[in-house]
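Structure record follows, encoded as structure tokens.
Every chain is named by a letter (A, B, C, D and E) in the order it is written, and numbering of its residues begins at 1.
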Amino acid sequence: MNALYVICGLGFLALIAEIASVKKGLTIAIMAGILAAATLVLIDWNSAIHYYNEMLVFDNFAIAYTALILTIAVLWFWMSGDYFSGQSHQTDRSALILFALAGAIIMTAFNNMAMLFLGIEILSISLYVLAGSNKESLLSNEASFKYFLMGSFATGFLLMGIALVYGATGSFDLTSIASHISNNAAALPGFFYGGVIMMLVGMTFKLSAVPFHFWAPDVYEGSPVAITAFMSTVVKIAAIAAFYRVFSFCFYQIQGTWIIILQGMTILTLVVPNVTAVYQGNVKRMLAYSSVGHVGYILLAFIANSPTSQGTIFYYLTSYSITSIAAFCVLHEVEKSKTSSGFDGLYKRNPLLAVVMSVALLSLAGIPPLAGFFGKYMVFTQALNNGYSGTVIIAVITSLIGVYYYFRVIIVMFVKKGEETPIQVSGSSVILMILLLVLILLMGVFPDSLISLLK
Amino acid sequence: MIPIDYYIWLSAILFSIGVLGVLYRRNAIIVVMCVELMLNAVNVLMVAFSNYLNDPAGQVFVFFIMAVAAAEVAVGLAILMIMFRNNRTTDINVLNRLKW
Amino acid sequence: MTLNAFYFLSFLTVLSALLVVFSKNPVYSALYLVITLASLTGHYILLNSQFLAFVNLIVYAGAIMVLFLFVIMFLNLNTDTEPHKSTILKFTATICAGLLLIVLIASLKGAEQMAKQSGPNRDMGSVKNLGKVLFTDFLLPFEIASVLLLVAMIGSVMLGKPDEPLIKKPK
Amino acid sequence: MVARLKNGKELALAASVVELIVSLLAISQFSNTADPQFVVNIPWINSLGIRFSVAIDGISMLLVLLTTVLVPFIILSSFNSSDKRPSSFYGLILIMQMALVGVFTARDGFLFYLFWEMALIPIYFICLIWGEEGSGKITLKFFLYTLAGSLFMLVALVYLYLQTPGLHTFNIDGLYLAGRSLPANEQSIIFWGMFLAFAIKMPVFPFHTWQPDTYTIAPVQGTMLLSAIMLKMGIYGVIRWLIPVVPAGVQEWGNVAIILSVIGIVYASCIAIVQNDFKRLIAYSSIAHVGLISAGLLTLSKIGMQGAMIQMLSHGIVVFALFYIIEIISGRTKTRSLSQLGGIRNAAPVLSSVFIVVMLGSVALPLTSGFVGEFLLINSLVQYQIAIGSVAATTIILGAVYMLRTFQKAMSGETNSITSAFKDLTGQEKLVLFPIVILIIAIGVYPAPLLDISEAAVDNILVIVSDFSASVK
Amino acid sequence: MISLIPLLPLLGFLIISLNYTRLSKNVSSIIACSSVLVSFILAVFLFIQLTSFPADQRSINVSVFNWITTGDLSVSFSFLIDPLSSVMLLIITGVGFLIHVYSIGYMHDDAGFNKFFSYLNLFVFFMLMLVMGSNYLVMFVGWVGVGLCSYLLIGFWFKNGDYNNAANKAFIMNRIGDLGLLVAMILIFMSCGSLDYNEVFAKVSELDSSTITTITILLFVGAMGKSAQIPLYTWLPDAMAGPTPVSALIHAATMVTAGVYMVARNNLLYALSPAALDLILIIGLATALFAATIALTQNDIKKVLAYSTVSQLGLMFVALGLGAFSSGIFHMATHAFFKALLFLCAGSVIHALQGEQDIRKMGGLKKYLPITYATFLIGVLAISGIPPFAGFFSKDEILADAFAHNTLVWGIALLASLLTVFYMFRLLFLTFFGNERASRDTMHHIHESPKSMAVPLMVLALLSLVGGFMNVPATLFGSGRLTEFLAPVFSQSKELLTEHPLSHSTEYSLMGTVIALTVVVIGVAYSMYVKKNEVPVADGARLGTLQNLSYHKYYVDEIYNTLIVKPLYWISGKFDAVVERVAIDGLVNVTGTTVLDWSKILRLLQNGSIGFYIFMMVIGIVLMLSITFIH
């Protein structure tokens, strides 16, 4: 909760900075503030405090996800410093990002449908704007509008679901809903299940699970790289946290009604984006598809007995996010260099970028001993343990397909001849990339600490 | 007293009309309006339930929905303006530079 | 009596909603939407939620619709600028929405066996009552909603305001 | 046993020599019993039942020895390579060595898998970055193909892991027990899951098509690593992680695997006969040799297993030398096409003599290293089934056919414009090749010490299998 | 001491090959010759030692080290000296030494002089391993090793493509034989649990006859390859590509007789398998006759001798097939003398004519090369079986055995040996008699061979003259010393095989018949090639059908080429081009391209149109709701 205050406060501060014209060092101040918020949230570990009439519950789940979101946010700010500095609307952008973070934190900690709804909307509305923040770019514009239109369409379904669930259970409070379900398991009206499915639609839209993923590749491609990175990391974490809260904490008892749908969606989410990504020439768009594909693995862990998969999902998200940040960091640097050949022969132009990108891609592909491997490994174990052998085989095949498209980028970087002009990378980016590299390796070599955290 | 399922049907019909509109029209503004229709379908259902359950929380929720709707419309129309500025049209199908 | 009113209002709502969708002229669509909203206000009154009814009228029909109309006027949209959709698309759209409706109706059953919670409470929809709930139970969402509106404001301004020059041109 | 150094070739050479010395020290302290020795067993990922558990028994010892002996030579062999190799190249080789040693010593299923994959990464990059034109597509195919196999192995391992009682464990003994307690049909599924990985790595017909292309385009050090050491991972996997884990599966399907391997012998030999690319030819010959090893191994006889062990060493050494000779020849003539070569024997008698010895090792002439293994393997196969054994034994004819053809085309005859200015071996090349030649003959003449090392460990595995069959009956 | 016998040539090989650029020709020839000579002396000592033992104890077993030990397989590197191997040792080292000495002169001007001697030494080493090994595996070492040396020496002049082909052919055909031997060995190990001769022979009587037959036939396949029997004989004539001393040593005196040795070594097994013996007999007869008919029309001096060798080897196998193992060994020994002599003489002729090998371009060399002529004549007489030359005794023994067994066998064997007489005299007459057909230039340079060549010729001639006396049969008032000496080796099989003793009178009449016929044939040859001065027609001229067949070696090479070699290449090519690239790799690639194709299709879903996206979403929602509804 304190973290939420700090983040919102930072948001206002950023707005005031506009008026006070204190733009220099704003990003660093924000990073420091986020770090402080992260510390504040971690202090409450194991306390599970309920705030404001059960509106928010900062249990360990929420704390872990909030801390993760904040950590990734710090890394993100570090990476995308030049998305702010020297750009127009610097403070507006910072404030929007911060409020989006606030929305994300709400999404991890809500205990009331109202908070869920507001959290999602704060996050979404900020992102609609941020996706279009590159106003001259037609693509950014298009991405923004697509995201907005489809997002609000999906919101309609989410709301419809909330309304129906409310009608059936008489409450917006997750705890009461859950207890109502367990008390009246037999007497729930039919429309309640309809409501649950509609909520499923609304939430899986945010997750970008197939068939509600169509926005994702387009929006990711069109948005500025920094925002794409933000969407595929922070937003994804928040969406999954919210999804987990609703469907594992609240609707777990009626799993029978939605699990089969989710299984179907899982398989589709594994297959469709991974297969589609194979034919992509654009690294950013490829990463977008891959990001959608990774949701499939998380969903696989989720459908395989969600209460025990907390640790798995958290680890997967952590490794995925850190790796993605690394990948986007390189992408950002490459796009900044404004050379036509993109990733071609990157190894010759800047070995560090190529190595970091390779490690990131290897991790995303799930090659040991990197972070991504353990994520996938635990997902597979989880699923196998719960009898999802067939789905695991599909997941194995899709991750092979994944290797194919990730490695095409690697090949291009190392083998293809491109421009020879070296790419200059600023010192802070170098430090960041090395830090991320170390993190990816460390998480791969010593995964135990993170796994046991949420066991 | 009007049975609750009437309201559910009404809401369902209204919601479907909203969806129909989103699918049917290509004019972005109308599409946004149709989304508003969907939200209103939810509103009416929410109020009905609230009344039926004798619980004011439902009605309070409707306030939030309205607030969000207003915010969405504001932002959406702003985006739409930029889009019109860039494309000179509000046809949503013109927006397909991002694909494949 | 109330049932008749309900039928009438429902008829009006659905008809005007359909007209929103099918009107060629965006201005008409917007106006039909106003009618829809107005009839929904009627529903709210029927449902004994007077405050909400007025808020609905003011916020939706008043504020939001004006915004829509303003944009439509501003962009000078009319029947001529209206993009055309092919018949097949229209047909499939109708089929799709119809299917959705059927499925919705089919799955939203079970309300008839729900017991009414207790007699209508005259005060339930009153300003006082709602205010109490809003400022006690739903205080945090209320505050958060302000953040939401702030976000929308910043966003709209940011999108609407022209970019300041990135680097000041040297003289 | 683990080294990661990244500073230039001399340092890399030094590191690998140090490893060689360490492994020689290890072998001097090694007692020829079945027990795993030099055990390191520390907890690693507790929550998943994974321990960092490595140890060396006779089987591992031989392969560790092979790795540590060959890597210095491989590094040395690159020293006068025409294009300079940066230090990252050597770094990758050393990482590869670490992973290989890890594979051969791991006593934890997960650790095994981890090292298994880790070995793949450096070799992939070695082949990709320093490979010939068009390496991208081919190495990707290689990577995907082998990864596909190993992912199925991972699934099989995890499945076994989930069968272990209580808090699951990846410990080798736990997995052995878990595997053996499975019903026969499940064992068969596990068998295929794991055998696929091993078969692709070895590679066994018909899973071999990645191999000739990859060998051909890879830089020669990559080819050496791949063929001389890495394919032993597959064979080792069969010995350590297949036969004792799912004995029923092996009994059920071993026959099919043997037949595939034997088909591979004849098939690959035939293809080798018509190859014109020197490297590709040796690649196919490698498939043939490995087919014999895997077939002999799966007869589950002691002779077969011991033959496989000794043949692994021999094949590693011989194939290393062959590829090095190819590298020397193609480095000087800029071609690997046999039809363009010829008459090298006139100009380079030392090279051709060395080639003769290596060739003899390859065609398994008695008193060369190849013979001992091949004799034992064919022996086990004939005992298994005379028909299969006889078909497998045609390798001694077909091997002679393609190797002699190669020798004739490359070495004999009149010199031509390409080979007339051929220089004989330099001192550094001799430094690599002479020890190898001595090894080839030494192992052929006196293989007993090597056979003794693995004897007890092989027994151990066979006892597990026979106990299992006894318990079933 | 016993280990020294093979070790010395090996040392010789190592010293020469490791220093082959440094050693002068003299030094290396001295090292090579002396190593073999010392071996020979040692062998003689050994022989004397052996004869001093009582007959049933003439066997020395020496184990050097444990070679391969794993499981129940235990093979040591060990040597067995018994009468059989002792005789072989003497032949190998003795004839080997002579040929070494001869080579000093013959190869004197060759650039690969040192290499040649190192190979020769290596060959002697392997040949000694072959005959001395006390188990099958050590024999196999020698067996394959001599094949290798044969390969190296046939392809000695490696610049010539044909020579290389010949070398490859020899090696590969030998490999086919090796395969048989290898499988036989494994079967022996399977059924007897050991590879040691003594242990195997002790157990062999317990085995069922079908196993023994399989084993023996497979062993014989090995012998076919090594000893150039039908159908694996075609490499031997081609092997004449090697230097002539090689032909003498390897392809006449020693290596090719390894098959004979091996069958004799396994006499017990063969005695237990009449079927295998019959097979050997048939193959031997067929080879003897077949090769002899080919030799009739050949014009290359070495080719004639080569076919003659094949034919004589066939004759040896006839003896073995008849169960007359000692006769076979006896003929092998005498054949080693006279065939080595003939080859060396031929080498001398070739040397004198600067490499000319075609007998159509020789003639009248009698007066230019008197020593060569004389020794050659002795050789021819020996091979023709003119008493008292060596060949007479050995051949006669075989013919007698054949007659005792079956008249038809005798008839064919006799025919073959008469043909031998004819072509050998044809060779003699065409080379040394008649007109001088060589070019003037060649004749100008003609010279008798140097001493180093002449002395071995004379020694061998002497041996061919008197060699037969080591085993003069009782019929001719001898004591059959060789047979007696070898008896312990064959004692067990002797008991198993029934003998058909011939009366002395029958034997006398047989001898008489043979000698008479031989003289007639010589007369025919003399009239044709000396009186009428016939010279074989030039290549390409029309020949009679039979002549044509014989001249073209019955087209066997061509038949093999069409039936085996070409199909092998064809199928290999198809494997490579079709099965590998199209089928297997194609399948692999198709899995890849299928994903790509699907990717192309699936990305069309992402068509950029919001309307379409929402359509898909709605369809998804409808599906989801209906699934729940159905639930």
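Odds and ends about this structure:
Throughout what follows, contacts are C-beta pairs under 8 Å (C-beta built on N, C-alpha and C of every residue); 3 or more make two chains touch, one makes a residue touch a chain.
What you see is a predicted model, and the numbers here were worked out from it, not measured in a lab.
Following the contact convention of this document, A is the list of chains adjacent to both chain D and chain E.
The interface with the greater number of C-beta contacts, when B-C is set against A-E, is B-C. Located most centrally within the structure is D, per distance between chain CA means and the overall CA mean. The geometric centre of chain C is 103 Å away from that of chain E, both derived from CA atoms. With centres set at the average Cα position, the gap from chain B to chain D is 65 Å. In terms of their C-alpha centroids, the spacing between chain B and chain E amounts to 97 Å.
Rounded to whole angstrom, the centroid-to-centroid distance between chain A and chain C, based on C-alpha atoms, equals 30 Å. Counting only residues that touch two or more partner chains, chain C has 92-93, 96-97, 100, 104, 107-109, 111, 114, 117, 137-138, 141, 145, 148, 151-152, 155-156, 159. Each of residues 114, 118, 121, 125, 128-129, 132, 135, 146, 149, 153, 164, 167, 170, 191, 193-194, 197, 217-218, 279, 404 in chain A touches at least two other chains.
Across the assembly, chain B contributes 4, 8, 15, 18-19, 22-23, 26, 32, 48, 52-53, 55, 57, 60, 64, 68, 71-72, 75, 78-80, 82, 92-93, 95, 97-100 as residues in contact with two or more other chains. Listed by label, the pairs of touching chains are A-B, A-C, A-D, A-E, B-C, B-E, C-E, D-E. Every residue of chain B that touches chain A in the complex is listed here, in rising order: 4, 8, 11, 15, 18, 22, 28, 31-32, 35, 38-39, 41-42, 45-46, 48-49, 52-53, 55, 57-58, 60-61, 64-65, 68, 71-72, 75-76, 78-80, 82-83, 86-87, 92, 95, 97-100.
Of all residues in chain B, those touching chain E in their complex are 19, 22-23, 26, 92-93, 95-100.
Chain E makes touch with chain C in their complex at residues 611, 615, 618-619, 621-622, 625-626, 628-629. Residues of chain C that touch chain E in their complex: 89, 92-93, 96-97, 99-100, 103-104, 106-107. Residue ranges of chain D in contact with chain A, taken from their complex: 44-48, 113-114, 117-118, 120-121, 125, 128-129, 135-137, 139-140, 143-144, 147-148, 151-152, 154-155, 158-159, 161-162.
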